[in-house]
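In order of appearance the chains are A, B and C, and numbering begins at 1 in each one.
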Amino acid sequence: MDNLRALAMLTGVLFHAGLAYSTVLHNYWPTADASYSKWVDGFVWFTHLFRMPLFFVVAGFFVALMVQKRGIGKMLRNRFARVLLPFILFWPILYFALRGLTLYAASHVDKPSPLLIVVKKWMLEANAPTAPPSMMHLWFLMYLMCFCVLVWVVDALEMQWPKWPKWLIDAAVTMRSTTWLTILVAVAPLLLVPAMASVAAPMPAPESFFPQWWALLIFGFYFALGYQFFKYQALIDALRPIALWLLVGAVLAYAVFLWTFKSSAKLHLLQASMEAYASLWMTLWCLSIGKQWLNRSNRALRYVADASYWIYLTHLPILFAIQYYLLDIEAQWPTKFLISVIATLAIAFASYQLMVRNTVIGRLLNGTSRKTNEA
Amino acid sequence: MTTLETPALKVRGLQKNYADFALHNIDLDLPTGQIMGLVGANGAGKSTIMRILIGLIKADQGSIEVRGYRVPDGQVAIKREVGYVSDDMRLYKAQTLRWHMDFIKSIYPDWDEAYAGQLLKRFDLRAHQVLRGFSHGQRVKALLLLILARRPKLLLLDEPTTGLDPVARIEVLEALAEVLRDEERSVLFSSHNTMDVEQLSDTITFLHQGRLVASQDKESFLSSWRRVVCQGQCHDALLERVRAMPEVASARNSGSIIELKVRDGGDIFQSRLQQLGLTITTVEPMNLEDIFVTSVRAGGSQ
Amino acid sequence: MNTHSLDFPMIKLLVLKDWHIYQKQLAAYVVGMLIGLTLVSVGKNWSFYLGALILLVLLICAGGFAIQSSVLNERKEHTLPFVMSLPVTPMDFYWSKLLANTVIYLVPFSLVVGGTVFLVLFTPLPDGLLVWSLLIYGFLAMTFCVSLCVALVVESEGWNIFVQIGLSTMVSPFIMGIGQIDAIAQNIKTANIVWSLPALGIFLAQAIVMLVALGITSWVQRRKTSFL
């Protein structure tokens, strides 16, 4: 699970780096480059569909593990220390760093992005609106904290699963019937459709400080899935026979999703459905494959897993700084993309090694023990 | 700070005034390793004394030392070494006994989990049952379990067996007897059940209307009281003279038979009775219940 | 033994004890706050007002509930002798109640105040609303503080309920009262955040009332002769 989380984190860096070269976000992304391509959209939005759900599944799994090992009180204390406290400490630094970088770039970059042009205009106006602060990419931490608190709420209120979902899952586990599991997997994404249909496609990041109901439902679903997977780990094994179909199905669903953008008809419900299917099926595929291929100790992956929290927190301002610089460089997007990814990861890993790994920051983020669960 | 020589309790001149009641000049001594029974009618002041000893109420006057610590300055140290249970004490009814045990365990490092398990079995209590479902007897036993399992040096028990069925009562008394096998541990308990006090106590303290009537070792206390039956010419004047004798707590006649309940009625007293023309036919000991009832009816003037 | 030093580990245990005992109710409040905050963010008028109302009601109820449950109920349910027979001084007990209740109240209070500040500063709502809103929140905090202090020293449940209800009913007159002060009222609908002298004076008065209430409560608690 840790290895999955590490790979998902690396994909996140690729995702954020790719957004600068995306067609869809060209007018909205601060580091949007003059060189962009719809192929970038094809890649980034695909990873976007399952990357964050996978993070929440892994998080739910580990929370269930902690609850079983240490109890809910200790789990909450641990999450306050490892999730809420880093959010409180890092958010101001990251917010003002990103804000500062953007304001600097707006004033100094010769080939600004469309958004930087708007920012520059606002900077010159006396009564320009102030953009409300957002959680930025740290929204994951707040939602995770929220779900951990909800685990306590469920326990405190002594809430039980209604009988029939428990029966369905028990049936899937005990019968080990691929058919039964296939039916479950085919139907389950429908639970996500209402929430996904209520927001724009591709699904935005819920960065607002106010909780978004659709994000609570969608990511709460994945968190709960991960929590249940801890209890029913055999289910992950049971996915193996259909893993290839999950991948094929997800890619097909994504292809339909992309097609809906070309069509002039209003197909928002279809878009949302395809998002839901691609998202869940890719997440399940990653879990199945991860258990098969990543369930071993590997020093490199272990190092990446250890560094992943720091890199998740800090990669965005590093990436922005590099991409703001690259805005004025004449090059095509693949070159800029590669440079920004490699440079960001190099700086992030170097800073992790020098400033974090064996310091108080490392203990704040990863605790005192670096023993983690495999795959 | 405390050694075996340090008394469990040392009270001098304790005074506490309320609008309708007062404790007057109470002196108490309880050596370590002993058990003192506090006897008195309702409203005598037993519970008030217990609450003052544990620091729940402040005395108006007097010097109070519990386990060598002064009350109220040393109340935290006292509460670490003293276990207190009272009749009006309740636990959190929405929580289980197990939660209470874990709570006490987190506060007292001397908590003995194995002993707590034994007490659970002996008292026939279910740790995972919510307190709301406990009967009165089960609640008392639960409170006792919570203090016994942390092995306090002094137990202050206010009416520990009141309201218990006979089986529960025996269980509690057996648990207390076990405590007393440890020479370093002491018990002060109050009870209306004079049988329990007589059975368990080394010292008996008798309170009446906020005053100390007596506080001495059980044998001396019991042997100082006698029921004396005399015969003679009974007339009112004679009875008045007998009742006026300081040793006489109660005097009743039935024809020529006079039944006296006396305290410290030694040879001199008996010869004075004979001088009044009375013939002593029986002198026999009294049990604690009899002494208690006699004293209360006499107004505690003895 | 220094009677004036506080036993922080014991205070922490007592606070956690209170939170555990009332965790069902606290969990319900957390769910309510999540629903309120989520409704506010939906972006429709009805959801905004409903969400804001839920948050305000929860804020007032959380305060009242905390006082009722953790302070008054200890006497009513006769659990006070059990707690006071633990190795705590009356001042430890007093501070644990203060802390437990203040934290319970501060969570919804911070959310509501933070949410209000956010909405006033970063939405089309006039920024001038900020001072007026903060004055009202300051009053709510003050009423909570006074109610808590009264609960800690006055044993009568009747008097406590009277004080809580009485203080709650004073919120409307307070809002009307500050609306009559020109220096405050004239800036409410503007984009200017004006910390006028009357506004600062009212904040100061609220802070003084809270400090005085806490001071009196501490003084009374130290002089208590019965802790039951």
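By our rule, contacts are C-beta pairs under 8 Å (C-beta built on N, C-alpha and C of every residue); 3 or more make two chains touch, one makes a residue touch a chain.
All of these numbers come straight from a predicted model, not from anything done at the bench.
Within the contact network of the assembly, the step distance from chain A to chain B comes to 2. Looking at which of A-C and B-C shares more C-beta pairs in contact, the answer is the pair B-C.
Taking the mean of all protein C-alpha atoms as the reference point, the chain centroid lying nearest to it belongs to C. Relative to chain B, the most remote chain by averaged C-alpha coordinates is A. The mean-CA centres of chain A and chain B are about 69 angstrom from one another, to the nearest whole unit.
With centres taken as mean Cα positions, chain C sits 37 Å from chain A. With centres taken as mean Cα positions, chain C sits 46 Å from chain B. Among the residues of chain B, none is found touching two or more other chains. For chain C, residues touching at least two other chains: there are none. The residues of chain C lying in touch with chain B in their complex are 1, 3, 7, 10, 13, 17, 20-21, 77-79, 81-82, 84-89, 224-228. Residues of chain B that touch chain C in their complex: 51, 54-58, 60, 69, 72-77, 79-80, 83-84, 86, 88-95, 99, 103, 106-107, 143. Here chain A touches chain C in the complex through residues 130-133, 146, 149-150, 152-153, 156-158, 208-213, 216, going by the rule given at the top.
Remark: chain C residues 23-24, 26-28, 30-31, 34, 37-38, 40-42, 114-115, 118, 121-123 touch chain A in the complex.
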